[in-house]
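Have a look at these structures, which come just after this line.
After this come two complexes, each holding subunit A, first together with subunit B and then together with subunit C.
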Partner chain A sequence: MTRGSRIFMSCIYWAFVLYVFVPLALMILMGFKDSKFIGFPIRSWTLDWYTGVFDDGAVVSAFGYSIAIAVLSTLVSILVGTWIAVLLEGRKFVGRPVVFGLAVMPALVPGIISAIAFRIYARGLGIEPGMGAIVWAHAVHNVPFVVLVVMARLSTLPKSQLEAARDLGADPMVVFLRITLPYLVPAILGASIFCLLLSFDDFVRSFFLGGYEPTLPVLIFAKLRSGMSPEINAIATVALIVTAAIGIWAERFTRRMNKDSKP
Partner chain B sequence: MPSDAVQTRTAPGTPDTLPFWGRMTRWSPYRAVVNVIYGSPRRQFLILAIFPVLWVLTQHLGPMVQMLRVSLTSAYPVAPDTETYLTLEHYIKFFGDSIFWQPFFRTLAFAFVFTFCTLVLTYPVAYFLARHVSRKNQMLMLLLLLIPFWVGEIVRTYAIMILLGNTGALNLVLKTLGLIDRPIPFMYTSFSMGVGIVYLTALYMLLPLYSALEKLPTSYNEAAADLGAGPWTRFRRITLPLTLEGIGSGCTLVFLISTGFYATPILLGGPSTTVFAQTIAGFFHTAGDQWPTGAAFASIMFAAALLLTVLFQRIIKAMRKGDTK
Partner chain C sequence: MTDTSPLVRIDGITKSFGSTVALHDLDLDIAQGEFVTFLGPSGCGKSTTLRILGGFETPDKGRVILDGQDVTRLPPDRRNVNMVFQDYALFPHMTVAQNIAFGLELKGLGKAAIKARLDEIMTFLELDGYGDRYPGQLSGGQRQRVALARALAPDPALLLLDEPLGALDAKLRGQVQKELKSIQRRTHKTFFFVTHDQEEALTMSDRIVVMNKGRVEQDGTPEELYFHPASRFVAEFIGETNLLNATVRGMEGNDVIMDWHGQTLRGHVAPGRKLPQGPATASIRLERLGFGKVRPETENAVQGRVIGSTFLGSRMALDVRVENAGDAILKAYVDTATGSTLGDGPVWIGWDADSMAVLND
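Coming up: the complex of A and B.
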């Protein structure tokens, strides 16, 4: 590879980095504009929009609502997803490909279709639109990610550890609780963070299954429909900081866990 | 986890000196539970399998089946004292009016174009990361690209609105450079929608491409170079065919995701770019009697997306076979 083409390729990479970061940077910047009107150039600056976010009751409660939904749906996803992964990994039985296919299906159904299907199903089960319905839809949608992550980790579990535990007299339950489960902890934590972010960011399912109380993305969407304002920039920026911080922390954390538990 | 029957050996030592786990395994209720669960391999498997199987059937498959069922009923939710019957009328409605099938084909066409744009845009980035960056920096540089993707769909769509608006950053830059006198109306067109959707889906293309390129040994390219192949030939005859699988899975993911966007087309698109998601959603905003039509339309879209995905996978498979000959 010649020097010239290497420089050309690295330019493409950095151009892509700009494409990915610049829109978000501009959005954050616009939140400091001292005017109700969105647009460049910015002539005077203010912090009012950002301080206003924490005074706005609707925004604060939407924040709490989104976080509660994310935590509850993640707990369900983790329990179910880990269970499915333990069943599927390294086991051969009739219908295994079918169970696997169904287990990952919710991740592949296009957003609007899954939202509509959940809405109809919730109605059929008599679940009213609201928190319960959103938690359920997010949980089902996120199960496939847990299944895939936990299965990948489980496939690397050294069989010798299980055999050693059995030889020392542990019954299968103890082997599971003291060998398999601790081994899965990094994967489970990683998958939890991923589920939390997916749920916190989700719009389409929350929109179709929500009641009168909006989640944060639904609130931002509703505000956007009635016009752009630096207030929305400030709200979106706070949401951005929360998600990016969790994401970066999780990335470092899971990497360290993986490094520590390498045999 | 091994599935053989319980070992009956008990832990050594007296109960008082045993650690927590030792005491637990001697506790008789625990022993009873373990004996029930692990009584025989067959029983153990059943207890392990019954919950996941029920879950995927009722929670994963259930909503889709219910949607299909509703799409075939004459009215839903069923009002008291009315009879419902099986019907195909909601499917027939789709073909009857161009305001229904136009957005449908537009959605598929958009999804194709946007998927292709995402592929062309991210392939060089993935290539650069996998082939020209040292191992240690690779993860860091990939991580740098992942950060924005943790931010939600709505927030990122809004960021694109600010970038492309009439008083947005792009128009400001063009004006300052003296390229334009009055702002170009980027917003509410298929262009702004494309920029937004590519922005949202790029990661789902980048990761499969990166992992495919990363697996490819550099020795293949070196051998080809030794045999006299130029850069373009090497790319066309070696790199591209051997990363087809990554291209296939990336394109499938991006295609499926971009057909399902709802908020982004509303915020970035205009009247001329109405997508099928908006058509479907329309039936659920109004009174409940339109639900079967919405369900039928969603089923049509799901079937079409699945069909195209399967077709695409077949083509990729055929291409890979053709190359190995």
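Coming up: the complex of A and C.
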């Protein structure tokens, strides 16, 4: 690469970084502005919006509600997804591609379509909108990611490990619990974090399937309709910090685990 | 079970994968305490035999009898056989001690018994102090010993070894070969070793079974196989050899009288075997040829000229053209002192009838 083109490439890169991060930075900045109106100039600073966030019962409960939904839907997706992955990777059977296709499809369906479909289906079954319905929709949406991540990990498990365990007296169940499952832990943890974040972030499904209690994204949306205020910036900043921290920690953690468990 | 019945009896085993026949009606007895090596090129059926003994494959036909019990259809976890895998297959998330104790726990031993056996086997294989390490923190030789310790710990009747030295470097391999042999002697365990490396087979085994295309090519001690190969395949697969295309004229006891480019040679066949008159191949090992300026007192002697020599340290590799036998080329090893006196004049080459095996083609 010539010097000129290298400078050109790095300009493009930094332009991209600005494009991505300037809105986030502005959002964070406005959360500290001591005025109800968002925009420059900022004449004085305050932390009131943040204290307001933690004092606002609706925000705190929406936060807790979102986290509860994220945890429950993640548990369901991990159980179902791991089970499907083990089934698919284990042995060839008739209809294997069909099962794989069905398991992965929810990731490909546009959010709005699947949300409407869930809504109609839930009503048909008589399922009340609310936590159960949201957990169910999130779980279905997240299963494909679990299946793909766990299958990728499973495919690298040497077959001789399973045979060695059998050879030493383990029946298939013991092999699964003592060899396969520990090997999958990094993948399962990674997939869990991903599912938690996906669920926490989801708006469309939560909006269509929610009852009276809003999740955090739905609450922010509701607040936005009554006008922008730095309170929303403060809420968003807190959510951003929490999710980014979890994401970064998980990335480092799974990377280390993957390295440790290399045979 | 009486002392004379074999530990393992393989009775007429046939196994195919799709249209490929991996094993063809294999019969074999293995005695208690034997170090048996299955030797052959890849795809010869040696690994399939091992996997059938381990319970990882079920034969299409035939039975496997272990200690008097038919185990043909028993899964691996229910037979008293353990295996050292080619890649060792150590469990990466368990420490060395946990790896070795795995089989003991599944045997239902108590904590104290596991501890005692663990200490015993780790001391035996010089793994003391490595108990808390993870397999990823060990060298190749150490991993190999852990794999061996793990397989020996539950005290199996038969130990299967699937090319366990393949991953080691050449220097370490020689040392591990000696160790393995010594471990086998000291434990009095029956070892079933699979390899494609003829040198490994020769140095360690009590008995070698040479396999080719799913059939037993020859079954005997390393010496028998080396000096008296029964077939061209065995002669070429084990060690280096000269192959002579001769014509059988007749038999005198176990000696075969042959004609080779106008020279009359005496060869050897296994007792009781009769060769018909006609073309045959004879095999003579490179180090069995003797050289001299005068005609040697051996049963076979021809005259030739050294046309090439390579210095190999303690010995020399020679190429000799046999002038009174159609200019055939014989390869030979001689000690350096002898080799350097030969010059390029005519020399006599002699060998005993017993050194030359006449082969089944």
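Observations on the structure shown:
By definition in this document, the second predicted complex is superposed on the first by the 262 of 263 C-alpha atoms of A that agree within 3 Å, B and C clash if a C-alpha of one lies under 4 Å from a C-alpha of the other, contacts with A are read in each partner's own complex, and residues count from 1 in each chain.
Please note the rule applied: a residue touches a chain if its C-beta (ideal position, glycine included) is under 8 Å from a C-beta of that chain, and two chains touch if they have at least 3 such contacts.
None of the values given here were measured: they were computed from a predicted structure.
In the superposed model, A:Gly57 lies in contact with neither subunit B nor subunit C. Of the two partner chains, both subunit B and subunit C are touched by A:Val174. By the touch criterion defined above, A:Pro158 lies against subunit C but remains apart from subunit B after alignment on the C-alpha atoms of chain A. Look at A:Gly4: by the touch rule set out above, it reaches neither subunit B nor subunit C.
Once chain A of one complex is fitted onto chain A of the other, the partner contacts of A:Pro97 are absent, as it touches neither subunit B nor subunit C. In the superposed model, A:Val204 makes contact with subunit B only, not with subunit C.
Contact with both subunit B and subunit C is seen for A:Arg166 once the two complexes are overlaid on the shared chain. In the superposed three-chain model, the partner touching more residues of subunit A is B, compared with the other of subunit B and subunit C.
Look at A:Ile112: by the touch rule set out above, it reaches subunit B but stays clear of subunit C. Looking at the shared chain after the overlay, A:Pro182 reaches subunit C, while subunit B stays out of its contact range.
Taken together, the two complexes place residues 163, 166, 169-171, 174, 178 of subunit A in contact with subunit B and also with subunit C. On the side of subunit C, the complex with subunit A involves touching residues 54-56, 75-77, 81-83, 85-87, 89-93, 102-103, 106-107, 134-136, 150-151, 154.
Touching subunit B in their complex are the following residues of subunit A: 1, 5-6, 9-10, 12-13, 16-17, 19-24, 26-27, 30, 37-41, 80, 83-84, 86-88, 91, 93, 99, 102-103, 105-106, 108-121, 123-124, 140, 143, 162-163, 166, 169-176, 178, 180, 197, 200-204, 207-208, 217, 220-221, 224-225, 228, 232-233, 236, 239-240, 243-244, 246-248, 251.
Contact residues of subunit A toward subunit C in the complex are 158, 160-161, 163-171, 174, 178-179, 182-183, 260-263.
Subunit B makes touch with subunit A in their complex at residues 1-3, 6-7, 9-11, 21, 24-25, 30, 33-34, 37-38, 44-45, 48-49, 51-53, 55-57, 59-64, 66-67, 70, 76-77, 121-122, 124-125, 127-129, 131-132, 141, 143-148, 150-156, 158-163, 165-169, 171-172, 199, 202, 231, 256-257, 259-263, 266-267, 277, 280-281, 284, 291, 294-295, 298, 301-302, 305.
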